[in-house]
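Consider the two complexes below, in which subunit A is the common component and subunit B and subunit C are the respective partners.
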Partner chain A sequence: MSWRTFWRTVVGRAYPRFIGVWREKSWVVFDVFFPLLQVSAYVYIYRAIGAPPEFAGFAVLGGAMIAYWMNVLWSMASQLYWEKESGNLQLYLIAPTSRMAILLGMAVGGLTATTVRAAGVILVGALLFRIPLQVSHGALFFGVFLLTLVALYGLGMLLSSVFLLWGREAWHLSNLFMEPVYLFSGFYFPVRALGFWVALAASVIPITLGLDALRQLLYPRLMEQFRFLPVETELGILAGLAVLFIFLAHRGLRFFEDLARREGRLTLRGQ
Partner chain B sequence: MAQEALAVKTEELTRVFRLRKREAREGRREILALDRVNLEVPRGELFGLLGPNGAGKTTLIKILATLLAPTSGRAFVAGVDVVANPAEVRRHINMVCGGETSGYGLLTVEENLWMFAQFYGIPSREARRRIRELLSLVGLADRAKTKVYHLSSGMRQKMNIVRGFLTDPEILFLDEPTLGLDVQTARTIREFVRNWLREHPDRTILLTTHYMHEADELCDRVAIIDRGRILACAAPSELKHMLQREAVFRLYVEGVADARAALDGMPGVRALAQEAEDGRLRLDLILAEEGVLVSVLSRLQEAGAKLAELRKEEPTLEDVFLALVGRRLTEGTP
Partner chain C sequence: MRRLREAWQGFKVGTWLGWQIESNWTEPFLFAIYSVIKPVAGVLILVFMYLVVAQGGLQNPLFPQVFLGTTFYLYVVNVLSGISWTVTDDREHYGMLKYAYMAPMHFYGYLLGRGMAKTLVATISVLITLAFGIVFLRVQLSFRNPGLLLVGLPLGLAALAFYGILLAGVSLLIARHGWMVGDVVAGGLYLLCGTAFPLSLLPSPFRALGLGLPPTYWLEALRRALLGQGLHPELSALSDAQLLLILTGATVLGIALSVGIFRAAERVAARRGLLDMQTMY
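== the complex of A and B ==
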């Protein structure tokens, strides 16, 4: 398979997600308005206890990153299950293209579409709650953000390959992962509050370290007392996780596809 | 036949599905979906697999399309082993299934087809040209900009057909392509398939169907499959010729609900199928020779049946199936 076909596949599979942003406007309600309600709850708690205004910024940033976690769980990890149900999976698998290209297309499309949603949360949240947003190191901030997303979508690709084998169990597992990660990754508060070992264990989800690093770059003075690890260390771990997840996704996809082919689980029985 | 001249070849191909505990049927934990299937399909042929639901047709297609591994035996597509080199097989094939709901509802017909073309590395301009051409051939050109979730099932299947042909595959698997479609749409699809093969004589189509008229009308050769085994394989005319010495009758009788007890095991009765129809019992009989009919009628009379109608029929593929399997194609696999 040529690189041209690889990239055409990426663009082709990303396309429905790009176009979905413009054609399904309901995301404004479900992905911006509803997350803001939850963010609001935390903002008002912080205000009620007299916490510095930057704490509201923690909550808004966490609310924006939730959009990515939801996207990874429901539109990456569980996606191949939906594709199997709709009959797309078998068409992907008989195409003479790379499965990684299909996953990458899903990731690139999902990432782009989710960025629009996340930007919506930050913009509306910042305006609504008058949150101070002053990025101290713009390039570094952007780099951490990008690396967090690469590692996160790498994890999504890995989960996607694992979930290839399962049917409805994938749906249940996504449900299982959703809420606990909100807590353990510190979406609404600095993760250090959970203690070093819990934070370390939660770091397997790249958003944990990504959020911590982004908060440090956004509110350096305040985060001195709340940071989990230095930004450079978090950056290094994120890079390691990105490589590891993408490598495992590549290997896992082949392994689980072969296994599913032997067990007859790639298509719906009778279809 | 030399391997290069064959589009599809299977050797003792077998597939067993192991059932989970909760799926076990009548204590059986395994289903033998394909039982030592040997097939050779030369390039350029429209080959049909005719059999009831559950006969193993789709299992065979899935193995050939690299979606399912065989339990034992071997299969080659375009001369390539489907287990040893599935990636190479995929360069030669495409597949369309009946009742397929593939694609994304929020994309238009054209966008969906373009997306699938990208997976085959077809440049966008060329893909759009082929899409326009094929949509117009299946009568869907005016729906190119319609979102897929607004299409009827017939239109959707036409789009699926275009998806299958869009990549100009050497070997195309059509799995029940007209399943559940109205007569007009099914006819359009059959015409399209026939014309495409006429224009591309080097291409091969493997079609599964349980519509015998579809197999009869389209296929160069047909394999009759039941319970995972190929029972006969020849041109439709040759298969029907198998029944030439025998006599095929259709009888309508009144006064009995079941004629099997009266006719089963009767000398000269090769096969019998019955079905209630408009308050009467329809009997399809294959007799060793016409003379047996007299004994059949007298046996029915003794059983209390009154003859309402009697027709001598030309043998069809349905009759061939009945003669081979002992039940009608529409009755499914028990």
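== the complex of A and C ==
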């Protein structure tokens, strides 16, 4: 398969996701407003217990990153399950293109669309609660953010191939990976509070390290007592995770597609 | 009499079907783990927020109130949001809403039955979370007023179910936002009802809104019944009987509104051909 076909597949699959954001404009409002409800509640909880204002920043940043995790869960991991339900999966499989290109297109489109929502949450949250946001090292901050997303969507591509095997349980498993992941990845509090080894285990989800590093760069003084690992170390691990997940996704897709084909799970069957 | 029989039939079928959908996607053991992990993780987020920041950690006087509010809020998510989701699920996902309407049963009773299944699932989560709080977080429940609990709990649950059906009626008419109606309302209630913090922290317009919402009074009644004191100073002047009276009023209002709005929504949906709508969203 030529690079041209690969590239056209990526663009073709990313296109509806990007365009979809603007097609129904009210969704942008809902997508920003809905996470803000939860974020606001956590800000008020911190205020109720007399936390320094930076903790409100933790909650807002966590709320913005949740948009990415939700996108990975529901629009990457579960996507092939939705496609199976709507009858598109078979079309993907007979198309003369790379499955990796399809997954990559899903990731690029989802990432771009979700960035609009995440930026909205941060902007509105910061203005609403007057949260101090001062990035000390702009380039490093951007690098950590980008690498977190590459690793995260790599994980999404891997999960997508695993979810290929599942029917109705895919929905419930995505549901299951919400609150527990919010907890173990420290979406609303510094992950170090969970203890070193738990935080290390949770680092398999790239947002854990990404959030910790971003918080260190946003609130260096406060994070001195809460940081999990130095930013440079987290950056290195994130780079490793990104490569590992994309490699595993490539291998996993082939393996699970083959397995699903043999076990007859590529079409709906009373599930 | 026939309508009552059909409503009861719908209720029974809805409960059975709802329970099957919620639980038979996996082995009972995995379902049990699933039922434990989700609610406990939600509470543990609050635990760690308190441990990191609050003076005295979990001994902070606010913590038991917050724990209890968050635990019983599981009913709000499951029942209120769950019932409205039923319309989207049956119509768009399973494509069976039209068949439910064709069956010789009352659809309103069927939705109540689906709500009952959601209540059962939520009850499992609430009991597990309460047990976790008592055993591991040392939350001390005093059961100061069992009467308030016995009357207040079912009253609040009934109100949630009827308001859920009201939202289901709204969902019948919505194409692109139906799946998020319940979640947005539930998220709003978490914030506005002071589920996990005192209402006095909210800006005054939102505080006033919170004081107009039934779950605020329901959660306060449960806190008083189980802990001996409430969370919101604004409600401290109300006696237990007054709280129950407000809850009763809210439930009656919920029944009237849900029956009226749902019937109107059904009529409009049938006229516009929305009962078998497939938006693929």
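Here is the rule we use: the second predicted complex is superposed on the first by the 264 of 271 C-alpha atoms of A that agree within 3 Å, B and C clash if a C-alpha of one lies under 4 Å from a C-alpha of the other, contacts with A are read in each partner's own complex, and residues count from 1 in each chain.
Here, a residue touches a chain if its C-beta (ideal position, glycine included) is under 8 Å from a C-beta of that chain, and two chains touch if they have at least 3 such contacts.
Everything numeric here is computed off the predicted structure, so don't read it as measured data.
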item: Subunit C versus subunit B on the shared subunit A, clash or fit after superposition; value: fit
item: First (subunit B), second (subunit C), both or neither touched by A:224; value: neither
item: Touched partner set for A:44, first subunit B, second subunit C, both or neither; value: second
item: A:262 touches, of subunit B and subunit C: first, second, both or neither?; value: first
item: Which of subunit B and subunit C A:24 touches, first, second, both or neither; value: both
item: Touched partner set for A:179, first subunit B, second subunit C, both or neither; value: second
item: Touching partner for A:34 - first (subunit B), second (subunit C), both, neither; value: second
item: Which superposed partner A:189 touches (first subunit B, second subunit C, both, neither); value: second
item: Which of subunit B and subunit C A:92 touches, first, second, both or neither; value: first
item: Minimum C-alpha spacing, chains overlaid - subunit B and subunit C, in Å; value: 6
item: Common ground on subunit A, meaning residues reached by subunit C in one complex and by subunit B in the other; value: 24, 86
item: Subunit A-touching residues of subunit C, taken from the complex the two chains share; value: 25-26, 34, 37-39, 41-42, 44-46, 48-55, 60, 62, 66, 93, 176-177, 180, 183-184, 187-188, 190-191, 195-198, 201-202, 280
item: Complex contacts: residues of subunit A adjacent to subunit C; value: 24, 26-27, 30, 33-34, 37-38, 40-42, 44-51, 55, 85-86, 167-169, 171-172, 175-176, 178-180, 182-183, 186-190, 193-194, 226
item: Complex contacts: residues of subunit B adjacent to subunit A; value: 15, 17, 58, 62, 65-69, 87, 90-91, 93-95, 97, 99-104, 106-107, 111, 114-122, 147, 163
item: Subunit A residues touching subunit B - in the complex, by the definition given at the top; value: 1-2, 4-5, 8-9, 11-13, 15-16, 19-20, 23-24, 86-88, 90-97, 102, 258, 261-262, 264, 266-267, 269-271
